[in-house]
Each structure stands twice: as structure tokens, then as C-alpha cells.
Amino acid sequence: MAVVFQKTKGLTDKQFHYCPGCTHGIIHRLVAEVLEELGLLDDAIGVAPVGCAVFCYDYFSCDMQEAAHGRAPAVATGIKRVNPKSAVFTYQGDGDLASIGAAEIVHASMRGEKFTTIFVNNAIYGMTGGQMAPTTLVGQKATTAPYGRNEDLAGMPLRVSEMLATIPKAVFVERVSVHDIPNINKAKKAIKKAFEIQMKGLGFTFVEILSTCPTNWGKTPLESLKWLQENMIPYFPLGNFRNVEEVK
Amino acid sequence: MAVVFQKTKGLTDKQFHYCPGCTHGIIHRLVAEVLEELGLLDDAIGVAPVGCAVFCYDYFSCDMQEAAHGRAPAVATGIKRVNPKSAVFTYQGDGDLASIGAAEIVHASMRGEKFTTIFVNNAIYGMTGGQMAPTTLVGQKATTAPYGRNEDLAGMPLRVSEMLATIPKAVFVERVSVHDIPNINKAKKAIKKAFEIQMKGLGFTFVEILSTCPTNWGKTPLESLKWLQENMIPYFPLGNFRNVEEVK
Amino acid sequence: MAKELWKGNEAIAEAAIKAGCKFFFGYPITPQNEIPEYMAMRMPQIEGAAFVQAESEVAAINMVYGGAGSGARVMTSSSSPGISLKQEGITYIAGAELPCVIVNIVRGGPGLGGIQPAQSDYFQATKGGGHGDYRLLVLAPSSVQEAVDLTQEAFDMADQYRNPVMIMGDGMIGQMMEPVEFTDVPKRNLPEKTWATTGTKGKREHNVINSLFIDPAACEKHNIHLFEKYAEMEKNEVRVEEYNMDGAEIVFVAYGTTARIVKNAIATLGKEGIKAGLIRPITLWPYPSKTVEAAAAKANVKAFLTVEMSMGQMVEDVRLAVNGAKPVHFYGRTGGMVPTPAAIVAEAKKVLGGAK
Amino acid sequence: MAKELWKGNEAIAEAAIKAGCKFFFGYPITPQNEIPEYMAMRMPQIEGAAFVQAESEVAAINMVYGGAGSGARVMTSSSSPGISLKQEGITYIAGAELPCVIVNIVRGGPGLGGIQPAQSDYFQATKGGGHGDYRLLVLAPSSVQEAVDLTQEAFDMADQYRNPVMIMGDGMIGQMMEPVEFTDVPKRNLPEKTWATTGTKGKREHNVINSLFIDPAACEKHNIHLFEKYAEMEKNEVRVEEYNMDGAEIVFVAYGTTARIVKNAIATLGKEGIKAGLIRPITLWPYPSKTVEAAAAKANVKAFLTVEMSMGQMVEDVRLAVNGAKPVHFYGRTGGMVPTPAAIVAEAKKVLGGAK
Amino acid sequence: MAGKVIFDENTCKGCELCVRVCPVNIVHMDKERINIKGYHPATVKEMDKCIACGSCAKTCPDVVIRVEKL
Amino acid sequence: MAGKVIFDENTCKGCELCVRVCPVNIVHMDKERINIKGYHPATVKEMDKCIACGSCAKTCPDVVIRVEKL
Amino acid sequence: MTHEIVMAGFGGQGVMAIGKIIAEAGLKEGKNVSWLPSYGPEMRGGTASCNVIVSADPVGSPIVTGATEAIVLNRPSLDKFEKDVVPGGMLFINSSLIDKKSTRDDIKVYYVPANDIANELGNGKIANMVMLGAYIAATNAVSEDTIMEIVTEMFQGKKASVIPLNKEALAKGAECVK
Amino acid sequence: MTHEIVMAGFGGQGVMAIGKIIAEAGLKEGKNVSWLPSYGPEMRGGTASCNVIVSADPVGSPIVTGATEAIVLNRPSLDKFEKDVVPGGMLFINSSLIDKKSTRDDIKVYYVPANDIANELGNGKIANMVMLGAYIAATNAVSEDTIMEIVTEMFQGKKASVIPLNKEALAKGAECVK
């Protein structure tokens, strides 16, 4: 008998509190698996956001800090400067990273802080009950955009990967998705690459992952995956925007 | 007798407090002239930053608000939403806009707030005595980078225009300079264009202006112009990064 | 108008709109999300009005600064951590003398804390969470109806004094539904906003909204001016409810929802033959110190018992007012825990020296 | 070591380094710029140390959180508006029980205010500018030497209690030069930082740095734990200087540089035959209430006169301690104005009922 | 070639993501039973058809599934 | 074609920017005098050579100069 | 009399809704009322509950510490709130989903097979209305007529077709306690 | 005796520097000293000043409200600080740049053509040292020898070449008040 798949040591035994079908869980697992596979679990320090993933400090089995809303990149900067040899990462939602924490992510990129950010873009504020995020699509409804996001008053969604790719020291920037198995595999590769580049000390590394929020999108988990694929990907194209080879 | 040049009505009689040869003064004049020429003085509301230009509320003859450090775009958002027909602008330095105010400028861009930002990039914190700015060049000395900006620890300068140009609703983004007469003329044209597009209600408009800080660069005013030209322009190339035609 | 059931947060939002608030700048945070959500729904229905979801609480309060500086009726709302982020903006608004309304639906702290009701932001609201010498008018409703009435009046107060007004509720006030009647609160006689930045229209000198006074003498003068204004508020705006005070041997001091719980306790004590009264500050600043002081001077009053959902904050203002005349005790729950009437009764008996 | 002339800001920075601070996260603001500038110069000379100019004060305090959570000795510094921006971060640090040192070189407020010396951030520092129930240890040096000594000890205090410590100076402390001797302050016996996030190294369960307690009962329990710690601090850490108190008929209460000016006034009063003493709180929190209370109980003491560079903030703590036993008066200048000895003398005479 | 999948049934939230990805269509929701969380859990009927591809496990957001190759 | 430049002398800060841009090289710093700000002010010696191009005024950061065409 | 009611169930079972109906009805009858929901992330999948007070006197604390009546729609809610009912109070148990019996003998307990009845009526989602029917019939906290009025108002317009179904659910619930 | 000294001039005239030298010298002589600069944007082009206290007693307030001596290097400084000198105190005026005379007759006034002397010595920048020389000679606040020691230490190493020039400036200044 061979084990084809089992729960990674990168996760504790605590059960996720996420809603049924929420892809936060998949992303957690991928990050944890990468840490385990790269042998980094004992040296890793993660930073939890404020968002649905706030309790991820209970799920990842490595050392964790829980940061104020949006400030994970600043917290990670403090951690990494103190522990330059550790694998440091932030796990952040689109409200956390792209809205309140926009300055922190831009500046961690600018300084080339040697940590990895996992950016979970679900086009909504999950935890607080479905408010508009900077990444909410035009026309998409949210509790603070009850008539759908109005392009003229609230603008168009922020493409964070494209924006950070303009910053020299953001040496790895890639957008992936987890809506099916091939994309889950690609997502894992991108996360692995990001950690590898981090450990080489080359600069700031960033993986944007498109994710679902069945609860606040008002859809079943399966409908949500479809909606992601059909609506998010056209506006948030998948692919690599920056990698270290290009930098050198 | 014809008057070839006289002080614009856009400026009050108050003398500038700027150091000798500081190009903040030139930029003030250009903005004031544009407002006068477009007939906007009576309807204009400006927002002063915290930085050397903090007292610009005393210099511009239109209504003015003085914003907290970095928050001018948020203040301007409040002003413009209340006065949708007014010509609203912020005047901000590189510490104010690109460092502490990074989130606010990104989000004013994202929402496509219909005001104009004049971004004075002098690669230094002038007012507080020469600390490193996000736009300080690699190797350039500053009081908080006494050995020169270290690329590995403090990263590389932020190219704000290039970054904002990735945002759909930033409909006009141009970088200009005021180090000689042809460039002063171009700078004025860009400012005028920005206000024109603002008044058409097409979105957020942004003019980055390379400027000198003789005092904190430790150079004479003339040396400073030369240094700007030889060192800043290669890293911060002049030109238009976004304009409304392209948007349509 | 007949009474209708309203959720506190939504009632506050509607009250603001009724008071002429046309601009709301906010950022989501539990337990006040219904305020921005309601505004997002209503503002687009109103000519010239706007709802903006700011990128952060920092941005929101600075949008308020800009909008208020342009003379509009402007509001923002948040809960504890978000209000901490607004402190720089609040002191700027106070310094620049701009009228606006800030709602804090308080939750447990410190830090990320919890999301259940609390009153542990009292110090921050009344003593100045921001730097410098300044004051907010702080109103603490204890029912949804009172929240509605105070919110409407808050805009007038703000305009009268050119000062920020804070509505301080807690998760209970925000989340519960109660019957509400929207009555027109009497309008104050308000000065014109000649100072606002609306464009000179070529008709006046330029207006400047500002809190910078680089010359310390000018800065001090400005502070003294502010404190003259605050003295006016202390003279005119103190509000307090006195409840069951006749012959009370123990006087509770409590505000907001805690005061309602204390009223239950008073009923129980009454049944057991213990006369207990309540002083319920409605304005937390200016504080009803004179009412407390007067109660302390009464012979029948043996002791004070301050009840708060905090580790003890308002109790300092009670002590300052009592000034040693009578013992002042404290009972509090914090972090989202709510005191029960039974526990308050027990505490009161302890203060009075055992069961009676 | 012989005494050397040091500028206050630079002396504080060097003292921190001597105390083992290897990480500084800050953002420029007058009048404390020499602290980050000095750190930018020194940190690169120290193995494993780092100076980071943060993008803002908000970022700086959160870098402090991360660094302190990893067990390092970490410092940040700012001045009033910047400290207001740090309030959310500070309450998180207090909530997560992380040791760190925060310097506030206070300037005039509110809002942008001015850049001259002030003490108008007393409330913010001692009552909690952030939300929730928490306390900082607040140290107020009145000379550059004392700033050096307190800064060094601050790191030990922070580590002992796992609590942020604030050094509160003003523009004068930061900008003036005085003779300084860097002596080794006695090291405390400190617990190991077993809670720090440094990687599990496969040897222990994962450590979590956190201030979230979603269950209100847990949140309250955490608050009670914090307050037990604060009670310890109140027992062990109160510091105060009593000056010329023998037979004083008027007792000044003043801290920081203001206390020095008061000493000049005391000398003048002495020459005129008026016995005046001074209580100088060195810890603003925990406050030396007992010392003040004891003074209030003395027959020779007729009145208290609190002198501050504010519109009256610490005076509330004096009143709370005196608790009505003696009259408590206040004299203050604010917005960057500094009281003169002559004005203080005049005020003292007024309090004592005319010239003597 | 044959595989075996083991569900930690009480942690399943009934989201059906695993159902969709099984190439041999053997994962389905057990409408008969309710787990302690209150959901109909996912299960496999014809285990012998399982090819141990791991897809169900890789897509499960709650790490419910363990896959073995026999 | 001839021009006239008028300096509001006491507002000049002696930065010399105007000196550099004059196409006919007639602007220079008056080393003999000090204005109330403590600077040697800029001035024009051979006014008749001025072509009223306005460059000096356009580059002056302190709006010291007025240019007229005669 | 003062009714201090706790209602609890899984999120989605509609306990908030029946709480609001009771409060609306109380208001309509000129009584003092309050409705206070539990809120926060525990609602996600977990247990949702609300407190409703209907009283002739002004409502003090909106929090119910001693419930005169409790309505529980799922097992965790029974476990959590059973103890909060005051002696002499009433407990309404959705026996379709809760197989456990109450252990209290100092209160009156009603077992209402709400989901079964709802399913019989062809719509499992109105189990909450069945419970409400039982509650009203047993307590008379507000009158059945007022409840009917509120329900009629609530579904006015587009949703009017569901009114009869809801009324039937109320009636069936009422039968269970008669 | 306690010397409470105010020094003022344009930014760049070196008043901060001579203030520091006096303070360093006082420290070296075992006295209590403090040095307090003015700070802020007014320094830009405007007037810079500092307060120095040298005393046998501990220094109370570092702010000089009544100056025992004032050293003014430019006209605005004279206008600002002349009134702050206590009766019986001393005022040192840089007469090269200040053509006005003092109007005080209750203090001792010294006119020192500091810039002229400095220019004669070939370096206009050491006018401040000329003023310092005058000040020390007139007051003996600290001894001339200590000042010389400090200056020697200050320019140790690479800048040692300028030591003689500075000493000469000090000496020339001293001559002016003898």
C-alpha cells in the first residue's frame, strides 16, 4: 500500500471554520504542503490577516503571528529582519491586502522584503459579510454595492499583480487559481517557486490566488467555481507577471 | 507696452518660504497659471500636503484645505464628492504621496476620483531635513541613509507614474520636469491637460514633476538642476504613461 | 408616524439621512456593518448624495475632513480598532474645527479583541485618543430610539460648535431592534458656514481649512479658543437621566445599554427593600459632573457604584465629581461580557455591607 | 566613562542600542528625527541589527509588533501626530503582550499643531489612546541623563512584563544637549522568551502571537490577566522624585522638562520665604498616587499646583489622588509655549492667596 | 492500480467539490446520513473503481480525504 | 522687439536660476548689494539687449520678475 | 406579563425571522419589545440565536438571562439554552431534529415535530413557522390574530402566494400544543 | 555664577557651533551645562538661535528667559533678543553686519566687527569664532585655555590645519573687548 494523499504535517489537527466549499481551505493546504516539501516547517513563521483566514494561526503548524487588518506585510518585515534565515509568509485577503493594506504591500515590494505573500482574491469581504472589495467586479453585487459595483462611482477592480509587477524588487509575481485540479497543481508550483526564491534572498515574492466565497456570492460551492472561472479570470488573467530570471 | 509675464492671480501676495532655487516655487506658479488660464480659480479647491509645501494653502489664491500627512487624496475625495463641479487638486511631495500616502493615491486612482494630483518628486524628505524618500535613488545619501540608499536593505525607488498607469481609472498620468525652460513649458501643458480631463469628469488625473531640493541635496540651485537631469531622469523617464484617448 | 421596529445600526443611518447627512465615508467592521450597508443602499437614492467605501478607516476619516471642510453634513462609523486608526484624523478635525458625526459601535478589546459589546473605549472618546488638547462631544444612547434622536441632534451640535460629535454605542445598540419613531428634533439656529471651501466664486477671500499653527503663540491661542468653545459646551450640552434617585441609598452610575441592565437591578433591589437610584450620563463629554456631585452631597446617599462594560474607565470621572465626599465603587465586565442584573444586585449589596 | 555632551534624541537612541536594541522601525517627524537618523547611522555597524524606515507610522508600529513577537529588542519613535497613527498598533501590542519601547517626543497639538515642545499627549499615553482596556508603562525623563537611564531600563521593564513601554519626552528633551554618562543599569532577572516566533525548530508546539479572543469569556479572562499584570506594575514600578517637600505649604506636581522649570520657580519662591515643594512623577503610568495622597494628608500642605504644558491633563490624576483632601490648582501653557519660572511663581502666590 | 479513499466523515461539509472531480464518477453525497456537523457527507460507493488519482483529496477544502494505492 | 524686465528685488533669493536661462546673457547677480532677505539680488545691466523672451521669469521660483515688451 | 424569549437553531432555520415576527406583533399590540440577535462568525454553520422581549413595562436589558420561554430548533441549541429557562417557564423542542428529551421537570416542555409537519405541508423551510404557531398557542404572548396580520403584511405583494402555507404551518404548530 | 547665554544669527553663521563649544568647555571644567537649539522651519533662511547655560548649580530650565549675555550675529537677532538681556548683563553685537546701536543703557554692550576680522583672516566663515573670542574674554564664563583645548580636539585629524586660524580668530575677538 502506498499513500497517494494524506494530510500534510504543515497543518494542525484543528478543523477549518470555513464555509462549505470555500477554497481558502485548498489554499491553506497548498501552502502547508509546500512548506513541508521544502523542509521549511521548522523555520517558517506565518502571518495571519484579519479576514476569514484570521484563525489560520491555529491551522498552520509553524510559528504564527496574527497581524492587524492590512498590516501583515509590515509585521512580516519585522519578523524577517529579526529572523533573516526563516521562511516568512503572509496570508492575506483582498480587503486586507488590496484595500486597507495597500501601502504596506506596495512598500514591502519596494523594499524587496524577503518574504512571500499569499494573496487570496475572492472579490469580496468574506468575514464581515460580503462588502465590496477593491477586486469586486464591475456590476457584481455586494452588501455595500447593493446595486452592483458602479464603475463611475467606485471605479474598476484593482489588478494587484499587474501593479506590483511594476516594482523592481517584487521579483516573483504570479496569478493562479484553484477552481480545478490542473489549476490547483499550477497554484502549488507557483507557491513553491515563491518560497524557493525567498530562501535565495532575491527579493519579495507574491502569489495571487483567485478563490471563491460561496456564502457571500450567494452561490453553491460548485456554482462558485464556475463563476470564478467565467467572470474573474477574464478580468484577472492567470499567469506570471514577474520572475527572477527576468530580473537578473 | 505689452506684458509678457506677470504674476498670476492664482497666487496670493504672500512670499514663498522655500529655500533659494527650490523648484517648488516654479511648480506652484504653473499650477496657479493653469487654474487662471482655464478660468477655474473661483471654483478651485486645493489640498496642501504635509511637507515643504504645507504652507501652499497661503500661496494659492483659491480655497484650500490642509490635509494630514499623506491623506490629501482622501481629503480631496471628500471635497470633490461634495463639490462635484469644482476643480479639485492635491499638491503632494514624494514622502507624502509615495510613502505614508501610498494607499490613498492608489485608491483615488482605482475609484477614478475626479481630481488632479500634482506630485512633486524631489527624491527626498525636504521639510523634515533630508530623510530618505521612496524615490531616493540607489546610492543617494539621505539623513536616514547616511551611507547612501542600500538597494538590498531599502530597495529601489518607486516609480509612481508607472505604477498608477496600471490602474484603469487613472486616465491621465504623465511625468515631467522643471529643470529648464522647454521642460517647464511641457510641465505646464501636462498640468493643463490634467485639469481639462478632470473637468470633463473622465477620471483621476496625475502629473508627476521632478523637482530639486538644493538644501537637502547639499548642492547649489544650479548644481541641483543638473543633478536632477543627469541622475533622476534616467531612472524616472519623462513622458506620458496614460491618457484619456488611450482609455476610450 | 407610527413606531416601527428598527435595527440600531440602520436606525442610526436613517436618522443621519433625516438630519441632512448626504455624505458617508466608511469601512466595514463588525458590529456596525449595517450602517455603511444601509448608506450604500440609500445614498444613491438621494440627489447629490454619496456613499464612498473608503480604502481604510484612515482614509474614511480624512474624507470626512474634506467633506466637512466643504460645508456638508458628513458622517463616518466604525468600531473600536477602526476608531483607533481614525485618531490622527479626529484630532485634525477637532483642530481645524470641522463639524461631523462619528459613530463608534464599541466591541471588546484590546487589539483585535472580540466583536461582542463593550464600553472600553470610554477613555479614548472622552480624554482624547488623539494627541493634543481637544474634546469631542460624546453621546451615549441607551435605546434605539435615543440613538435616533441623538444622531439627528448630533449634526446640529456639530454645526453649532464646529466640532466633531461622537455617537458611542455598543454591539447591542447596533444589533438590536426596537420600536422607533422618527420625529423631527427641534432645529437649532445655526450660523452659516462661511468658512467652508466651496470655491471662492470670486466673491470672497480664499477660505483655508487648517490645523497648523507653526508659531507656538498662535497655536496656544488657538487652543485657548477651542477651550472657550468647550466651556460653552459644558455649559449648554450636558445631558443626564436621573432615575429613581429619591431617597436612594446607593447610586449607580452607568451609561448606554449597561444603564438598562442596571434598571433591572434597581427593580430587583427595590423589591428587596433597597432604595437604589441611577445617574445615566447621556453626554459622556461634557460629563454630568454636577449631577454626580449633587448626589454625593445628599445625606441619603451612602455610596456610588459605577457599572461599566470595561475594567473601569468612566469611574474616574465619577470619582473626580464625587471628590472624596462618598465612597465610589466599581463593577465591570469586559471583553464582550455583559453584566447580569443579578450580579449587579449582588455587587450593590456588597457595597452596602452585606444583605439587608 | 566620562560625561559627554549628547543631544537628547541621539542619547536615547544610543541608550537603546546599549540596552541591546537591534531593531528600529520608524518614520521621520520633527522634533525626533535625530532618533531614526542616529539609528540609520549605527545599526549597519552592528551585526544582525537593522534600521528600517517604514512607509508610515502605522507600518512602523506593526513592524515593531512583528519584531517584538520574534523576541528581539525593538524600538520605534515618533512625535504626536505619528503616535496617534500608532494607536491601533499599540493596543494590538498590549493585547498580544509584546515587549517593546515607543518614544514620543511630544509637540504641540491638536491636529498638525506645531513642532515646539508640549505635554498634551498625557491622556493618550496614560489612559489609552487606543481602544480597549490596556496600559502602557509611561516614563517621563526630565533630563538627557535620565532619558538615557530610563531608556536602558525600559527594555528590561518591557521584557519583564511583556508590555510596551513609552518614553515620553518633549521637544526640549529631544533637542537639547546635556552631559551624559552611559552607565550600565542593573540588569533584571528576565524570563526566557519561550513564546517568541523564531521557528519551532521541530522542538516545540507552534507559538502564536495574537490578540484575538472571539469568545467573550476568553477575552474577558485575557483582560483580567492583563490587569493582574498591571497591578504588579503598580506595585513595583512607580517612580517619583520628591523635591523640597519638607514643610512645603504649596506642592507643585510637574513632570519632564516642566519640572525643571518648576524647580527654578521653587528657588525663587524660597528666596521670598515661601516654602514650595515638588512631586515629580517619573512614571506617568503607574502614577505615583500614593505619594500625592500622602502629601495631601500633611498639615503643612495648603494646596497643590499642577503645572503642565497642556490645557490640563495630568491634573486629573492629581485630583484623583488628592481626592478632595486639599485644593488642586492648575497652571498650563500649551501649543508649544513653555511656562516661565516667573509665571509659575506668580501663579503659586495667587494660589496661596496673594503675595506674602 | 486500484485505489482506496478514506473519508474523515465528520469533518466533511458536504460541499460536493470532490464529486465533480472524480474521473471515474464514484464519489457522491450520502443523502441518507447526516454527520455531526449536520451535513450529508461525501462517500464512495464502488471503491473498486477508484484509480487513486488523488483528485478528490486535492480539491477537498477541508482535507477530509486520504487516498491510498493498493 | 525690445523688452524690459522688472525685479521685485526684495523677494529675490539669489538662486541664480534666471542668470542661466537668459538667451542674451544679461541677467547677473548684483554682488554689490544685499536685499532685506540678505541675498545679492539678480539684476539686468544692459536692458536694451533684452528680447522679452520671458525665460528669466518662467524659471524664477519666487516669481520675482515681470517682463514687458516695449 | 413579560415574555423573555430565547430562540435558537442552525443558521438558515429561520429563528431570527420568527423572533422578528413576535417582536413586530408585540409592537402592533402596543407592547414594549426588543429583539437582539447573536452575531459574529459563530453564525457561520454554527448556532444562531436571538432574544426577544415582549412586555407591558419598558424593556430594561435586551439580553435574556432567565428565559420565560425557549424555542430550540436543533440539538446544540437545546444543550445550550435548556438551563436558561426559569422555573415554571416553557421549552419548545423541534422533535423532528432533536431526539433527546428535556431533563428539566420544573418547566413545561412541548415537543413539536416541526420539520416533519413542514415537510408534510410540502416545504421543509417553514418548520420555524410551525414552532411559532406552537409557541403562540401555548403562551398567548401575542395574539394569533396579530401574528396572522404580520404574516400577511410581510408577504404582501409578489410573495402573497405563500401566505396560506405559512398560516397553515402556524395552525399545525398550534395544534401540537392543544 | 550662572551664565545664561543666548546666541543668534542667520542659519549658516555658526551660532549653534559656538554654543556647543561653550557648553563643551563648561563640561570640561566640571560645570553644569545645557545647550538648547531653536528648531523648525523658521531656521530655513531665517534666524537660528540657541540657549546655553553654564553654571555651578544644576541646570533647571534649559530655556533662557533672562539672558546674562547675548551674542547676536545679524540684525533680526538684535531686534529679537536685545530686550532679553537682564540688567547688568552683556550684549555682543556683530557690528560688521549690524549697523544699529543698542538702545539699552543698563547693560554692557560690545561691538565686534566679526565679519571684517574674519575676512581679514581670509575666511568669512569664522566670524562666529571671533564673536566667541570676544565673549570669553569679556565674561570668563569658561577659561580661554579650555576653549582652545576644545577647538584643538574638535579639529583633530584631517582638519587640523584650520586650528591656527580658529585660534587666531578667537584671539582677535578677545582683543576687541580688552
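Letters A, B, C, D, E, F, G and H mark the chains as written, and numbering starts fresh at 1 in each.
The definition used in the following text is that a contact is a pair of C-beta atoms (placed from the backbone, for glycine too) under 8 Å apart; a residue touches a chain by one contact, two chains touch by 3 or more.
What you see is a predicted model; the values in this text were computed from it and never measured.
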| item | value |
| --- | --- |
| Interface with more contacting C-beta pairs, comparing A-C to B-F | B-F |
| Chain pair equivalent in interface to B-C, over half of contacts matched, among A-D, A-C or B-D | A-D |
| Chain A and chain G: spacing of chain centres that average the CA atoms, whole Å | 42 |
| Chain A-chain F separation of Cα centroids, rounded to whole Å | 59 |
| Distance from the mean Cα position of chain G to that of chain D, given in whole angstrom | 55 |
| Interface hub residues of chain F, defined as touching at least two other chains | 13 |
| For chain D, residues contacting two or more additional chains | 30, 50, 52, 55-56, 58, 81, 88, 92, 96, 111-112, 115-116, 210-212, 214 |
| Overlap residues in chain A, where contacts from two or more other chains coincide | 19-20, 54, 66, 68, 99-100, 102-103, 106-107, 111, 127, 134, 153-154 |
| Chain D-facing residues of chain B, complex | 50, 54, 66, 68-70, 95, 99-100, 102, 125, 127-129, 131-132, 134, 143-147, 150, 153-154 |
| Residues of chain C defined as touching chain A within the complex | 27-30, 33, 36-37, 40-41, 44, 50-53, 55-57, 81, 111-112 |
| Chain B - residues contacting chain C, complex | 12, 41-45, 47, 54, 57-58, 60-68, 71, 74-84, 86, 103-104, 106-107, 111 |
| Touching residues on chain E, where the partner in the complex is chain A | 3-4, 11, 13-17, 20-21, 39, 52-55, 57-63, 65-70 |
| Chain C residues within the chain G interface of the complex | 3-5, 30-31, 115-116, 171-172, 175-179, 257, 260-261, 263-264, 267, 338, 340-342 |
